[in-house]
Structures are given as C-alpha cells and as structure tokens.
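Down below are the structures I want you to see.
One chain, chain A, links the two complexes that follow: it is found with chain B in the first and with chain C in the second.
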Partner chain A sequence: MTAPTTSGARSTASLRHRLAERGIDASLWLMVPALVFALALFVYPFSYGIGLTFQPGLATQERWGGGVFANYVAFFRDPFVFDSVWITMRLALPAALFNVLASIPVALVLRRKFRGKRFMTSVLVLPITLGTVLTAQGLLIFAGRQGWLNRTLMSIGLIDEPLQLVNNYVGVMFSLIITGFPFAFLLVSSYLSGIDPSLDAAARTLGAGWWQRFRRITLPLLAPGLATTFILTFVLAFSVFPSARLVGDAMGSTRVMSLMAFRAFGEQNDYAMASTIALMMGVVELVVVAIVLAWRSLFYKGSTGGKG
Partner chain B sequence: MSALDTAGSPATGTASPGRPRATSRLPGERSLAASPSTWFVWAGMAAFLVFLLGILGAVVVDSFGRQWFNTWLPAEWTAQWYSGSWERFDLAHVIGVTVGVALTVVVLSVLIGVPAAYLLARRSFPGKRLVNVLFLLPILMPPITFGIPLATVMYSFGLGRSVIAVVLVNLVPSVPFVILTMTPFIEQINPAIESAARMCGAGMRQVFTRVLAPLLVPGILAASILVLVRTVGMFELTFLVSGPQSDTLVVAIYRAMTAAGGGEARQLISAMAVMYTLTMLAMLVVALRFVNPTQLVAQVKDARDD
Partner chain C sequence: MAITAGKFDSLELRDVGRSFGGHEALVGLDLTVRAGEFIALLGPSGCGKSTALNCLAGLLPLTHGQILLDGQRVDTLPSEKRGFGMVFQSYALFPHLTVEKNVAFGLQMRGLPRAEITQRVREAISLVKLEEHAKKLPGQLSGGQQQRVAIARAVVLEPSLVLMDEPLSNLDAKLRLDMRTEIRRLHQSLGLTTIYVTHDQEEALSLADRLVVLREGRVQQIGTPDELYDHPRNWHVADFMGYRNILPGTALDAANGTAGTERTRVQVGSMTLTGRPVGDVGGSSEVRVAVRPDDLVVLADGDAPQDGNAVTGTVAVVEYHGREFAVVVQTSDGTLLHVRTPSAPEVGDVVTLTAAGERVLVFPADLAGRPAATAPAEAVAV
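For the complex of A and B:
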C-alpha cells in the first residue's frame, strides 16, 4: 500500500510490479475496446458538436449578431425557438409526475398475492413493446373524431360533439402516459420489492395503520427510488419526438425542442443551429435532474433524520 | 430471493404483508380489498386497459378492414393490406435490415461491454470514477442531444444513410446499457471461483472461456434481449442517420405516416404497425422467460435487522 508511493531509489520492485499494486496491469486491456468506442462515438462527436455551436452560419450571424455566439443569441432571442423550451416542459413535467405518482398505488396493489397477478403485470408492461409510432397510429384511429372513444361517449350521451383528442396537446399527453407509465411502474415495483417486508410487519405489530405505515416507512424508503424513476421517466418524456409530430400539433402547442432541433438538422441543414438546440436540450434536462436530486437529498434527510 | 418468497416464508409468519388475510387482523389493519382507495386504483387500471385495448384493437381492425368511416366496424374484411404494404414498402428488405442491424448491435455491444463490465466490477484502477461517468452519460442524456452531433460527424465522414451508420449510432446507448446491467451481475459471482481457477494454473483467457463465460450466460442473455428490443424500437437515433436503403421498421412506419401529400393509405400503415408489434411481442415473450422485469434494479436484502 505504501511502497509504490516512495521514490524509485528505495524500492526494489520492478516498475511493472509497482504499477500492478496501484491497479494498473495487463488486464486493463479489457477496457480498451469500450474506451475507444466511447471516445470515438461519444466524446469526439459531442465535442465536435459543441465546437460547431460556435461556428454559426452566415444567415444566423447576419440576422441575430453576436459573433461566434450568434447561435445562442438566436436560441434565446427567437421566440419561435425559445418557446419550445416551455412547450417541452409543459408536456414532459406533468407526464413524468403523473406516471410516477400513478405507479405508486398500482405497484402497492400489485405487490400483494392474488389470482391473475402475473397477467396484470404483463398487461401493464405490454405497451413497452408498442413504441411511440404504433401508439400514435392507434391513438389517431381510436381517439379520432370517428373513433371508438368518441363514438362510445356520444352513444351513452356524455357529449354531443366529438371531442378533439388528437392532433393537439391532449393527444401527445395520452401517448406519453401510455408509453411512459409501464416503464415507471416497472421501476417503482422493483424499488418496492427491495424494501424489507419485515419493517412493515414490525410497524404493524406496533399498531400502525396503513396510512401511517405508508407515510412513515414505505414512502421514506421509496423516496430515493421515486426520484430516480422520475428522472428516468422525465428523460423519456423530454425527448418526445415521433408522437409530438404524429399525434400532436407540430407547429403549435406541441412544438417541442427535439422537433425544433430536427427541423434545423433535416430540413434547413443548419447543423450549427441544430447542435445548439440539441445541446440546450441537454442543459435544460440536466437542470431539472439536478433540482430533483437536490430535492431528493432534502426529502430523504427530512423524513428519516427528523422523526426517527 | 424474490419479494414473494420472503413474504411467504414461515419466518415472517402471519404478519406477512404479502398475502391477504381475513381471519387474523391486527390492530390498525383494514381489509384492503374493500377500501375505496383500492377500488380507485382498480378503476384507474381498468381505464388504462380500455385505452390500451382500444389502441391495439383499432389498429388491428383497421388493418383488416375496408371502407371504415362512420361505423363501429368496417363494412368489409380483407387481408389485402398486408400483401399490399409488404410490396409497397419493400418490407422484406426493411425487416432484413432491422434484424441485421439489431443482431449486429447485440453482438458488438456484448463483445465491447462485457470485458469492460468485468473490470469495473472486479478491479479498482486510477480514473475508474471518470470511466463510470463516461459510460453513464449516453444513457442519461436525451438521444437527440448526442444524436445530432454524431449524425453530423457521420455525414461529414460520408457514412450518412448507410447501414454502418445505423449500427454505429445504435451502439452508443447499447454498450453503456450492457455495462450497466452486467456490472452488478458480475459482482455477485464469487471471486473465489476465479482465484481457484488461477491456482489450478488457468490463464486469463482460460478463466474467461472456461469459468466466467458459462457463469455469465444468463446475464449476457438478459442484456442481449433487452438491447435487441431497444434497438428494434429505437426511433430517434436511427431516424437521424438512416436513408431509404437503411431504414428500420419503426422509421419506415414513421416515414409512411408523415409522407408528403397526405401520405399513404391508413390501412397500409396499420398493417405494417401490426407486423411490428407482433415482432416486438414475440421478443418480449422470449425476454420475460429469462428476465424478471421487476427485479432488474434492486434485489431484496437477505439480511434482517431483527
């Protein structure tokens, strides 16, 4: 432990031996393919993209000024682009929040033993296979003006006119919940199965009701897992792209950031601006993730340290 | 091992929360089956189910129907949309590309990821935290954020719209995913087994092929199936670099739905979507035979405090 830190004059061990003691030996070659892969396909393109954001096109420079920062000036000044941040947030935050909150009671109920439990779990997980594109196609047919949903609601007399449920905000929200909920449910129930049931049993022996047990035992233990689930579901909902285009209103209420980035990339061939929007997407997402993580550490301390 | 086994074991006895009980009710205990909150949950699940069945049913019915406008069901039934979309979109080629890309990505990401996962699980070396962060970033970032710079690089190297580009782009989230799922799996294999093999004179290569590989098969299988499902379902990254000759099935459906000038007949797309779902469903059924999804993240601690 101490020998390799001393100077070479005193140590009689070979260089190879000293390196091995610090954890550097031939077996590190196993890491090389993965490192080469990460550098070539992730680090290099990503830094290239960051460099690209500081090389604005001539048109952008002329219109927005700001020299090398023209792309960023355009991003913050152009309301057509900048509003997409709020549009994305208005979709992704409620969707992720709903998915996490709704999966807590469902996971709690499905944790108990009953007939058909395996079937219920499989059905709830099924939409993962559908993917956003099929969900979009199904929603367009099922919830469209002539679809079964509107037809049923009209024939039982709840509404007179068909509801507009697709090609707007509601349609994208439906699609986010249908694809995101199974994922949140899977994660929450796996975190739930990691909580030792004997803690709950002990609380029950001491006379705690189910709300007390949930509030004082299950929830604090589950909170870190819930935060992680929220982050992962948010990441999924945040990069919504096909459904925003297919069941949403691509130029209006569901003009999300990924659509704007793709528009700059595929339609305008403005790679610099596309990279800027993509990078800002990452920044916005990181901000939300950081807030959730900070909140998690607060919440977690508060409920175990204070009352324990 | 699983939550249910622990709950049902005699160690926890009658106070087990895992099973409904009518006879021995403890203080503060209510029958959950009768409480309104439970009914609320069941109602929510039923609503979700109705939507799910509606969406699936609508697509399936649409793909078999003809002249479905203002009625509950189509006027006539036909299977011609399937043969129609098969020819119209050259689905033999598209499915060939999809399967080829997915299998290549699985093999490559296992070959690259498993050795790295082994090192991360067993060794400590300088810069290990940095390496960990490096492999975590592609999973945490929105795919578009690294996808657009990556696609720009691909196009500038002249790889745009080629199958190679599609494979490379899909490797970016897959390799970290394999590393992330395999590291805990390798950690739970007893290192004494490897030491014993070393003592008996096995070299690094022999330890890997004779000792580790057989033990790792279940984990590799699970990770491979998940990567396969993810790659077949991956839309954003594939869409950024693929062209007509290298579209996977999802991207082909999307392109058909957004085609300029009103697009293709809706039923053609529905037929294609049904075929896609059947493929995914088959893979998921196979996957669920090997992986218990609710146990992927955390495992019940065996140790008890009491």
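For the complex of A and C:
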C-alpha cells in the first residue's frame, strides 16, 4: 500500500482481507466433505459406542455390580476378558519391534546402488498387496501340518514329526511379520532417504568406522522415524483379527482383544460389552503410543538435510 | 598446544583415474603436492574435479593409478584411516549435535583423552571466531557460520591434507569474499596443505598457489595463477581464464609460430588480426583467437591501431560495473566482442577497437574437442 500509515491507526484493509490474513477465506469450504465424513462415520459412531459402554446388560450388572460402570468392572475383573490384553500385547509388541528392527539393516543395504535393487525392493514390498486372508491361506498351505514346508523337511529327513507352525502363536506371528514388515520397511527407507548421505561421508573423513557412523550419526537422526514406524506397525498388529482367527489358536494363545470384542458382539449379542472391549483396545494402544512419543521427544527432530 | 597441520613432505597422484560404468570421469591425473601448498582444481561442472577430490578423500575408489603420501600408498586405505580433513559443499554438519560436539566428533573417534578434546575444540572454535555459538545446533547458525564450523571440524584433527569441495558456492557474494580471505588466512597461519575444488576462476586465482584446470576428466594445464592467466595452453583454458572473446578463424601465415614473441596473422570473418601463436597454428589451419575484454581498447579518434589490429563495430550493450563499463560491440559480420572501457559509449555508436598483438592469442582449433595427447604431460613440467 502506498498510503502513509500513521502509527497506531486502524488497519484500512477490509474485513475480508483481515480474515484472510488469519487464514479464514473461501477455500475453507473445501473442508466440508471431509468434515461431513468425519462426523458421520467417526465422531457419531464413536460417541454412540462410548454411550453404549455405560448401558451394561442386566446379566453383566447382576454378575459384576458397579451400576453403569458394570462393563468396565467386568473388563478388569473377568480374567477371561482381561487376559486378552496381555495376549494381544504378547503378539503385537514383539511383532512391531521385529518389523522395525529388521527393517533397519535391510533399508540400509537397499540404500546403496547395486544391480537388482529394484527387484529386491519389489519382492520385499509385494506382501503389502496381499490381504490378511490371502496371507493366512498361504500360510496354511505352506506351513500347515501337510504343507509343503513340513513335507519337504520330512522327506529330506530333517524332522520326523511335522512342525506345528500354524493354528498357534507362531502362525499369527508369521502373519503379522509378513503383512507388517513391508510397511515398516517402506517407512524406514523413506526416513533413511531423508538423511543427507554427505553426513555419512563427513563422519568417514573424520575417522568414524561403520558402527560409529551408524550409532552416532544415522541412528540418532533415524530415531524419531523409527518411533513413528513402531507406532504404526504396533497399532496395525494390535488390532489383528483375521489372522488370529485363521492361522491362530482363537480360544487359546491368540485370543486377542479384537476376537473378544467380536465374541461379545457376534456370539453373545452384548453390544455394550463389545463396545467396552473395543474402547479399551483404543486406550491400551494410546498408552503405548504415548510412551513411545514421550521417548521420541528426547531426540533431535529437526531437518536431516536429505531429500526428506 | 596450538593446532598445527599434520606433517608430511609430498603427496603424489600417479595416473589417477575413475570411470563410472564406462564413462571416464577422470583420466590420468598426475600431480605432486608439496606440503603447505594451496592447490585449486578448477573446471566447469562435470569436468571431474569433484571426482578427483572424492578419490583423494577415499569416498570413491580409484579405477586407475595410485595416491602416495611420502611414498606410502594411501589409495588402498579406507576414508576413515587416511586422516584427511574434508569440507563439503553442503557443509555436512551433524544436525543433531551442537557446534562443540560437531568439532569434537573426529577427536572422539580417535579416542583422545577428554581434557585434550575440550582444549582442542575450544581452540578450533576460537580460531573460526564462533565462541558464543559453541552450544548452538547447526540449524541455528547462518550459512557463513556453518561453513566456519565445517572448517573448524576439519582442521581440529590437524590433518595432513585439507580437501575443500566448492565450500563457498552456497554463500552470498559478500560473504564469499570474506570467507575466501578467512580460508587463505587459516591456510597460512596453520600451515595447512589444501586442495580446493571450485568452478570460479576468480576464487581459484586469488586463493591458490597452483591451479589444475580440468576439462572432461582430463588435465588441461597445471600452473601458477599468473602462468594460467597470461599463458593459457589451449583455448579451453583461455575460455575458462576469462578470455571472453573466442573467435573462430583461419591462420594466414605459413610459418609455424611457437615461440612467445612471434606473430602470426589470422583471418576472422572479414577482419585480419595479428596475434601471438600458442601451439601449432600453421598456414590455413583452423584456429581460435582469444582476447580478454580488458585487452581490447576503444580507439580514440586519430590514434593508430596497435599492431594493425583494428575492428569496427556498433555498440550493442553497455553495462555499468562500477569503475568501468562492460560493452558489447557487434561487428559488421555479426560477431559480438566483449570490451571493458573506462568511459561509456552510447548504444548505437560506431567504435573502432584495437588490441596489442601480444594480447591476442591464437590457438589451434582442436576440432576433436580433446586436447592434444601430450598436453597433460607437458603441463606437469610447468
């Protein structure tokens, strides 16, 4: 503006202009579709579900007491339900940890240039396109009692009895790794490509060996990304449902929370208890996420110089 | 204990070469660097100068040749064992470490006692005048300050050789001049041996004791700044050394002029010029004529042209450059000539230009695009 402005004078700009300065303008209408969907498909059903948890069935109230909180009392008091928290943790934590940790060396190797790199990457990422059900079916065919793996091992005389690799904890763990690893690998790779390669070169010229370069430079810069990757793969593994049922031991070692919620909903028609279990699933996930985020906040999170 | 340079007598590069899948990025680099020298590797982008530096640093393995430090091969050592300091174009400071810790990194890698590390880090930081920024992260510093941290980090290790890869190219013009002085000051006061890569001939001429001009992976000429400035070996070097007027022509004299005092006549378009032959420019062979803008003089009325060199043209562009003017003159056959004059002519004026035959260099045209095979070997002897 060319007009001279006296100090302290009111802005001569129009209201519209002043609102736009604060980010309020017509482009905000573009948010409407997303808002409608969020309200209709998430906020309302979620609130409704929370409401349900405070309307326990008569049977639950009589058995566990606690009035409107009877569902929560049941959740914490009934070992059959509450143990599923640990069962799920026992699957999700090691699976997520393995996926993240195993991704690091693979991503580091695939960062270099070599022949067949694209092929290797494709093979590693391909399982992301398979659904959990397809993975489960594949596992049953491959690693079942009469599967190729057991038959091959027995025919070459390595084992006498078929190995029990499916319909138990191991089967679900396999399934979680097959579906979770590509995901973790892609994320870790992209975080790694965000680190300027000349940092590694600089550390080399300063006399750092590969382990020192990894520990002192790459790992600290990668740590926030690893935390995010861990959170995402953990949440993915924690809500495991199809594979726990198909390649797991649904009433025993893989009786995960989502199965319990489904049981309450589908078999017992106890919507209130199902909602409570679903809600508690979210709470447990949030607790883990909060712990990881708190740990992440200890690290440098600024620019790492690469192509980001 | 003050920071000094690591001791050695000479660093020798023998026939060093590097190819990338059939493409030769660097061919037959022979160079002997004496301790305390400041060497600039100069050339346009893609000429192999950064490749040469990365080979020296050990970040790229050689495909040919050897690198010897006082007679000991170092090209077989990994980068971390060579003990050369390197300053990167992007600075490559560790973003998660403070200035102090960045500088201390190399010392820690050597497992020095903590007290000595603290002492040497403090010295290095005061050397580059960053005492009040010691606790800051690199992201909180300006470009020039980051550059100084990168230099401190390299010299704190007292390296036998400091390698600098276009360290000033990310700075603005004024800061670049300041840092140039700073780098030369550190080089002298610490007794460093520096190899400096740049594409800026002015930077190279002002900093270096000796320059290595590269083109397409091959050495074109090695020499002191004034040797290169006044006696470029071929027209590519001349082009790079600020001979902005490079004109294609044909040699008229049959005599093969090689000695510096001889003169030869050349036909350039409709003009006939007298110049100093450099290399084999026999009769009717194709040549390139190179003249610096500051060696062309606008002839005042009535003055006789020097050595019979007179070119008439129309002033096309006049740029103000402070004390002088950069003028572009278009001759009748369309050739554009760059001239520097103390007084500004008007656009459209008809002027006559002249240049001393001594300052008009005549090179063989080198049509193959490659220098003569013997050129690099001769260049080493300079």
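The rule is short, and it goes like this: the second predicted complex is superposed on the first by the 271 of 308 C-alpha atoms of A that agree within 3 Å, B and C clash if a C-alpha of one lies under 4 Å from a C-alpha of the other, contacts with A are read in each partner's own complex, and residues count from 1 in each chain.
We take it that a contact is a pair of C-beta atoms (placed from the backbone, for glycine too) under 8 Å apart; a residue touches a chain by one contact, two chains touch by 3 or more.
It should be emphasised that the depicted structure is a prediction, and the values quoted were computed from it without experimental measurement.
S.K.: Contact-wise, after the overlay, does A:Phe98 reach chain B, chain C, both or neither (first, second, both, neither)?
M.R.: So A:Phe98 meets neither chain B nor chain C here.
S.K.: Should A:Pro220 be classified as contacting the first partner (chain B), the second (chain C), both, or neither?
M.R.: second
S.K.: Which of the two partners, first being chain B and second being chain C, lies in contact with A:Gly209: first, second, both, or neither?
M.R.: After superposing on A, A:Gly209 lies in contact with both chain B and chain C.
S.K.: Tell me the contact category for A:Ala201 with respect to chain B and chain C: first, second, both or neither.
M.R.: A:Ala201 sits against chain B and chain C alike.
S.K.: Is chain A touched at more residues by chain B or by chain C?
M.R.: The larger set of chain A residues in touch belongs to B.
S.K.: Both chain B and chain C touch chain A; at which residues?
M.R.: The overlap between the chain B and chain C interfaces on chain A comprises residues 196, 198, 201-202, 204-205, 207-209, 212.
S.K.: Can you tell me which positions in chain A touch chain C when the two form their complex?
M.R.: 196, 198-199, 201-209, 212, 216-217, 220-221, 299-300, 302-305
S.K.: Touching residues of chain A toward chain B in the complex: what are they?
M.R.: Where chain A meets chain B, its residues are 22-24, 26-28, 30-31, 33-35, 37-38, 41-46, 48-50, 52, 102, 105-106, 108-109, 111-114, 120-139, 141-143, 146-149, 151, 174, 178, 181, 186-187, 189-194, 196-198, 200-202, 204-205, 207-210, 212, 225, 231, 235, 238-239, 241-242, 245-246, 257-258, 261-262, 265-266, 271, 274-275, 278-279, 281-282, 285, 289.
S.K.: Within their complex, state which residues of chain B touch chain A.
M.R.: Per the touch definition, chain B meets chain A at residues 2-4, 6-8, 12, 15-20, 26-30, 32, 37-38, 40-42, 44-45, 48-49, 51-52, 54-59, 62, 69-70, 72, 111-113, 115-116, 118-119, 123-126, 131, 134-135, 137-138, 140-153, 168-169, 171-172, 175, 179, 204, 229, 233, 235-236, 240, 250, 253-254, 257-258, 266, 269-270, 273, 276-277, 280-281, 283-284, 288, 293-301, 304-306.
S.K.: Per the contact definition, I'd like the list of chain C residues that touch chain A in the complex.
M.R.: 57-59, 78-86, 88, 90, 92-96, 105-106, 109-110, 137, 139, 153-154, 157, 163
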